[in-house]
Amino acid sequence: MKKGILWVLLSWLIVAAFVLASCGEAVPGEQEEEEEEEEEEEGLKEVSRDRTLILIWSGTEGRYVDHELWNPFSIGSNHQNGPGIFYEPLYYYSAFADEEIPWLAESYEYNSDNTELTYHLRPDVTWSDGVPFTAEDVAYTLNTLVDLGPAVRWGVDVEQFVDEAVVVNPLTVKIKFNVPAPKFHHFISYKYDIGVYMVPKHIFEGQDWTVFGHFDIAEGWPVTTSPWRLALSTPEQKVIDRVESPDEWWASKTGFADLPKVERIIYLPWVGETQTAEAVIKNEADASLDLRPHTISMCMEDNPNLISHTFHEPPYGYVDWWPISLIVNCEHDHFDNKDVRWALSYFMDRDELIDVAYGGAGTASLLPWPSYPSLDPFTEAISDLLEDYPTNEYNPGKGEKLLTDAGYTKDSEGFWVDAAGSRIRLEMLGWAIFEDIGPIISAQFRNHGIDASYASPPDASDRMDRGDFDGCLRGHGGSVAGDPYFTFRMYQSATLAVPGGHMINYYRWHNDEFDRLVDEMAITSMAEPATLKELTHDVMEIWLEELPDIQVVEWYHRIPMNTTYWTNWPTEDNMYVNGAFWHLTFGMILNELEPAQ
Amino acid sequence: MNTQLLKLQELQVFYHTDEGAVKAVDGVTLSLAKGERLGLVGESGCGKSTIAMTIMGLIKSPGRIEGGKILLGEVDLTKLSEGEMRRLRLNQVGLIPQGAMNSLNPVSRVKDQIIDGMRAHNQQISKRELRSRVYEVLESVGLRRGVARMYAHELSGGMKQRVCVAIAISLHPQVVIADEPTSALDVVVQREVMETIGQLQQQLGASVILAGHDMGLMAQFVDRLAVMYAGKLVEIGPVKELFAKPLHPYTQLLLASLPGLAERGVFRGIPGLTPSLVHVPPGCLFYPRCPRAMEICSQEVPALREEDGRQVACHLYNSEVLT
Amino acid sequence: MKLDYIAKRFGIFLLVIWLALTVIFFLPRFSTQNPIREKMNQEMLRGGYVQVGMEQMIEEYESKFGLNKPLWEQYGTYLSDMGRLDFGYSIAHYPKTVKSMLSEGLPWSIGLLGMTTLIAFGVGSLLGALLAWRRAPQVLRYLFPPLLVLSAVPFYLLGLVLIFFLAFENSWFPLFGGYSPGTVTDWLSISFWGNVLHHSFLPALSMILAGIGLWALTMRGMMVTVQGEDYMTMAEAKGLKGSTLFFRYALRNSILPQVTSLVLALGHVVGGAVLVEVVFGYPGIGTTLYHAIREFDYFVIQGIILIVIVAIALGTFLLDVAYPLLDPRITYRRA
Amino acid sequence: MNRRILAAMRYTRRNPALAVGIGLLLAILLFWGIGSIFVPFSRTSALSVPASRVPSWEFPLGTDRQGRDLLAVMIAGTSLTLRIGLIAGFIGIFIGTILGFVSAYYRGAVDTIIRGSVDVLLTVPSLLVMILVAVALKGGLTVEGMALVVSILAWVWPTRTIRAQVLTMRESGYIRVAQLSGMSSPEIIVKEMMPNLLPYLAASLVNAVAAAILASIGLEALGLGPMESPTLGMTIYWVLHYSALLHGMWWWWAPPIIIIVILFVGLFLLSTGLDELANPRVRRSV
């Protein structure tokens, strides 16, 4: 017994030591890092402010928890926090310019029945440690994704389509699919947050991708083909420096592209809107995560050098690929009736909503896909349907008529009740970013007799995924270009075209005819726009009549861009790409930015 | 005869409360010769503790010295600044406190509490000398050297009081004021402590004021005895004559109420209550309880007069009245 | 006799820890939330893309972290891990280990909150003591009511007001963060420390102002009772200087109960003041705990709370052992 | 009758804390009482008035970004936040008193269990427990839901303080006499202990209410509160959400903070005043 107590005493003295050590550990731990930094201390060269690009982004814990994670495939990491620019893509795609830009690859072609895709890579491209970038890297990346599947990002997407990637010769790789995948090239090229990163085989081989950090500044990691080298990564900030001379980057050496003018990028954690606005006004930052319309307009008054996508005019930003809609649970009673769904759409005054929530700086969302140039032809194709199904019309009269026809009457307190006397209770869930519009929509519905309320409970994501909700405000990233297939895919209750590729059907809406038509679109190549338009028309005929999802507003990225030190930002009259520096197309912006001084 | 070490002249000390000024000490005049032991007796609330505290300069608001003088040699203590008064304490005038039970700082050792008293008055004493002085002082009050390292809660009541005595005499003061030093102790320990104080007094030649209400103790210890009633001095004189033939009626009743061993079961107290010191009635304050009260007693305050070698404040001995 | 007293206190120390760990283990598991789904959804809210195979990913990682095993089995491994101080990985930020997250957050929280609690304790107690001390300058009496009002105000609101006037209107102080962006963490250089102090000034000020009032009030109460004690009269009779009377006698005796509440307050410091750190964007352990709770990252929650419990229990344990040194009257007998 | 008023007057002179505390709380109740007569509750919902208006005659305290009349919000908010505080406070004190008495009076196993669980619950961060309960409450939180969430831990601190108080009382003489005279334990508790503890219980209640309000405002400021109801904490949340500080909308953030400060100072002084009532020794020092 005595020995027992001693052991317990001993182990818990360790705990006491731990408590002290963990503060101490922070210092020695810092020491190790510090030694690294010490060496680096001399290495962290001086870069003048006017050649530095300071960004305020994520790291909401007031610091970056993932500062040691530069392998974008692991669950804990996120390409938006910096790793994105270290992995150059085979192809970029700019939704605004609606053009594909070959990068590490020179060209690609599908076989006749879209079951094979071949890439021809660009010659003499080298990794930062001198090893040449070859087809081996592309094949290794794709094959590993097929093996790992759900353990890493994009694993499931690639596993569904790709059977095997084969090296034909050092500059040619052939990807064999198990089902026709005409849209796979579009899928893996960089646009917004979608795209598959190509990793150096000689570094990643033999590593466990789920835990491998690919982070060791002394070793020159993360190894990259880009002109960017990681200089410093601590919980409080990330510093990325550009290479010294043009011949250290394959593109500037071969004259494919000239060296970016930005010499240093600093990522700082986002703490709050007030603090960020202050930093941007005082030129302590060059760009940041979105600001609210009222805030960004005030910032631009205080600091005229600040511009947005639409300069100093509302809506102060560009339409994101992420339209916001009110999802109603089509399985719950009342909401399984399409008339009730249409009534809700008619009761929602989107103009008043935009006026109050965004100070007039916003637009209503007409359709479930964003209003992008490459998708406009499809919007044309269904314009006839929009006459009898006006998704943005505010018309309480029509709404009331729909409800009365469906057997609803108003009870003593003015709320609609069905024949059995049960009230239409719409409890809407959401997240903090929807709290500008949530309470206003619920107020509008209450004014029209729907017993609505809004809340953003801590378990909103969980309840939404399990379908434990009446209504939910949410955006959905679907199609960006080509055809609205990626948007329709989200409304499918099941899919035969892509086995196991079905996503979570948040809407709980089932329509077999709709599923069949969308499956057909899945296997139609982008090269046949006519058939795609026709299919879209048929699909939308069902979608609009049923209205499984009530469109609310377009989501705007209102990014403050500071022209004190840097110009040639992507804007409405210089639409080379969308302005979000956290998307995978940041590399394109970095290549375009010009120093102002 | 300038051998009088300490003289109180018409001393007045009032406590200013919401209901009015409480005249705790109202015009007391007495003197203490060098090496003399003066007793101060009276019921509780008669002002004897206030006098002791006033001499030490420890009267705190709402109490205040209204008038009169306290002459230590040529120096009037009432006029001294706080700093000057502080230097006198322990140096010239030592206090043996009443509540011995927690008069010692519970969280520091006995030797530290003796040393800080000495160091407050004389910075230059070396550490070694201080230690020897501590031992010397402890032994002088009959305590072994080990007591120096002990804490207050490790000492008995008697030992605590001895430590207080040791502190009081550590700088050989001229006057030692003992405010009911043994009231909390049992008889046997009481005797030991008083003997210690007696021996020390003789060795140092200091004069002692012993305030208390234990007449038996007074009889054995003091040379002269002063009787106080309601803030005023009613009788003062050599203790033996006073015990033999008390003049003032209050003194007579006080002595009469001493329980003698012979008569068992008979307790004689003094009827009535001590008067309020706020609304002081005219005349002699003892008038309501005085068995030999006269007409004049209720009108005029009796002055202190000589009466066969003693002083007494009572109209019985007022020659004009009798004629 | 001394050893068995310590052993008994240690036994209680362990019991409290075990109970708290059990509560912490079961509490989050009652809800059906899953950290992986939370993380995916948060990314979706920022980036927009809904990860296709999310359900499969969730199953993959649940098996990796053993979350699909029966609850009791999980509880067993959990206790043995805690015993070996292996907190495992943070689910939401896999493969980041909980231990490294702790070591990043703890120094800030302990630094800021430790310092502010000590300063508030020191200044508050001294002020409280002086208020009750007759000879102290009377001007302090006017200082006390505003401090009392300040201590009634929730300190994160105080922080908001301070930010507005001192950091925003006339930017004497930085608005947020542990230290100014762009500086390299170098704990040895003086300028870095200056930077950190400059940043932590406002959060510290708001907590100190809020804390002083309470410490002063309790201290004043104690001083009043201590001044009435007989040993104070004896000390004055010894003709001691005012400062000795104040420090060695009055303060030394009235500080004892204050120290008890100080140790408890210091214990809570490790938990970090979530609200202050969130309002000021301070990179302490409080913000990490807040986000771990919002993301339901069990392992991080358990790691942080173990440290909090250990710190508090350790604090009370050390207090029990050290208290007799503070107050000789207390001995090791049955307390 | 005037004798009692005179006595009360004299008492308050000697115990200013109590007087000022009661005064402040009365001011707040008056503000709410009179306000709710003149300003309709309907103006606290979104879109009820034009948005982002500077204070004017029509909207004395201006309006917020979502079209709520801030004067109406302040009036309704004060009463809602107070209601949360009172409900949680009473629950806290009710349970706290029972547990406090049982554990202090009966000692033994019961005491160790209660004391142990109090120690454990004091170490567990209250934020975690409250969030879990808020999640478990499913439907969008209402004010009553909020009160429940806060009251989950509101009893822990009172249990500890009341237990300590009862422990000291239990040792005192007159309780020993009551025990000797054959009174049964419950009788002693009700007849002897309770009356003497009343002022102390009142002070603990005030503290519990203040703590509950602080916790509810804290939770709401973090965005975990009842989104639809205009409590003071939710107003603070919207201020932070819309960074009203940045836009200089002082009429949006100043009034809630002022009211919260007055509320807390009032409760604080009330509790210190009641403390003095309960423990006269301290009164002498004021």
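Miscellaneous remarks
A, B, C and D are the chain letters, set down in written order, and residue numbers restart from 1 in every chain.
By definition in this document, a contact is a pair of C-beta atoms (placed from the backbone, for glycine too) under 8 Å apart; a residue touches a chain by one contact, two chains touch by 3 or more.
Note that the coordinates shown come from a computational prediction; the quantities given were computed from them, not determined experimentally.
When the C-beta pairs in contact are tallied for C-D and for A-D, the bigger tally goes to C-D.
Mean C-alpha positions place chain C and chain D at a centre distance of 23 Å.
Taking each chain's centre as the average of its CA atoms, chain B and chain C sit 55 Å apart.
Centre-to-centre spacing of chain A and chain D amounts to 44 Å, using the average Cα coordinate of each chain.
For chain D, residues touching at least two other chains, in rising order: 131, 135, 240, 245-246. Contacts with at least two other chains are made by residues 31, 33, 168, 293-294 of chain C.
For chain A, the set of residues that touch two or more other chains comprises 272, 274, 278, 458-459.
All chain pairs in contact, by the document's touch criterion: A-C, A-D, B-C, C-D.
Remark: chain A residues 5, 8-9, 11-12, 14-16, 18-19, 22-23, 25-27, 29-30, 33-34, 37, 41, 44, 54, 58, 60-63, 65-66, 68-69, 74-76, 78, 80, 149-151, 153, 155-157, 159-160, 192-194, 210-211, 213, 232, 234-237, 266, 268-269, 271-272, 274-275, 278-279, 284, 289, 320-322, 431, 433, 458-462, 464-466, 475-477, 490, 501, 503-504, 555, 582-583 touch chain C in the complex. Interface residues of chain C facing chain D in the complex, by the touch rule stated above, are 15-16, 19-20, 23-24, 27-28, 30-31, 33, 132, 148-149, 151-154, 156-157, 160-161, 163-164, 168, 217, 220-221, 224-225, 271, 274-275, 278-279, 289-290, 293-294, 301, 305, 308-309, 312-313.
Put simply, chain B touches chain C in their complex at residues 56, 58, 60-61, 86-91, 94-95, 97-99, 101-108, 116-117, 120-121, 151-153, 164, 167-168.
Chain D makes touch with chain A in their complex at residues 45-48, 51-52, 65-67, 131, 134-135, 139-141, 223-224, 226-228, 240-243, 245-247. Residue ranges on chain A touching chain D, taken from their complex, read 272-274, 277-278, 292, 294-295, 298, 352, 356-357, 359, 427, 432, 435-436, 438-440, 442-444, 446-447, 453-459.
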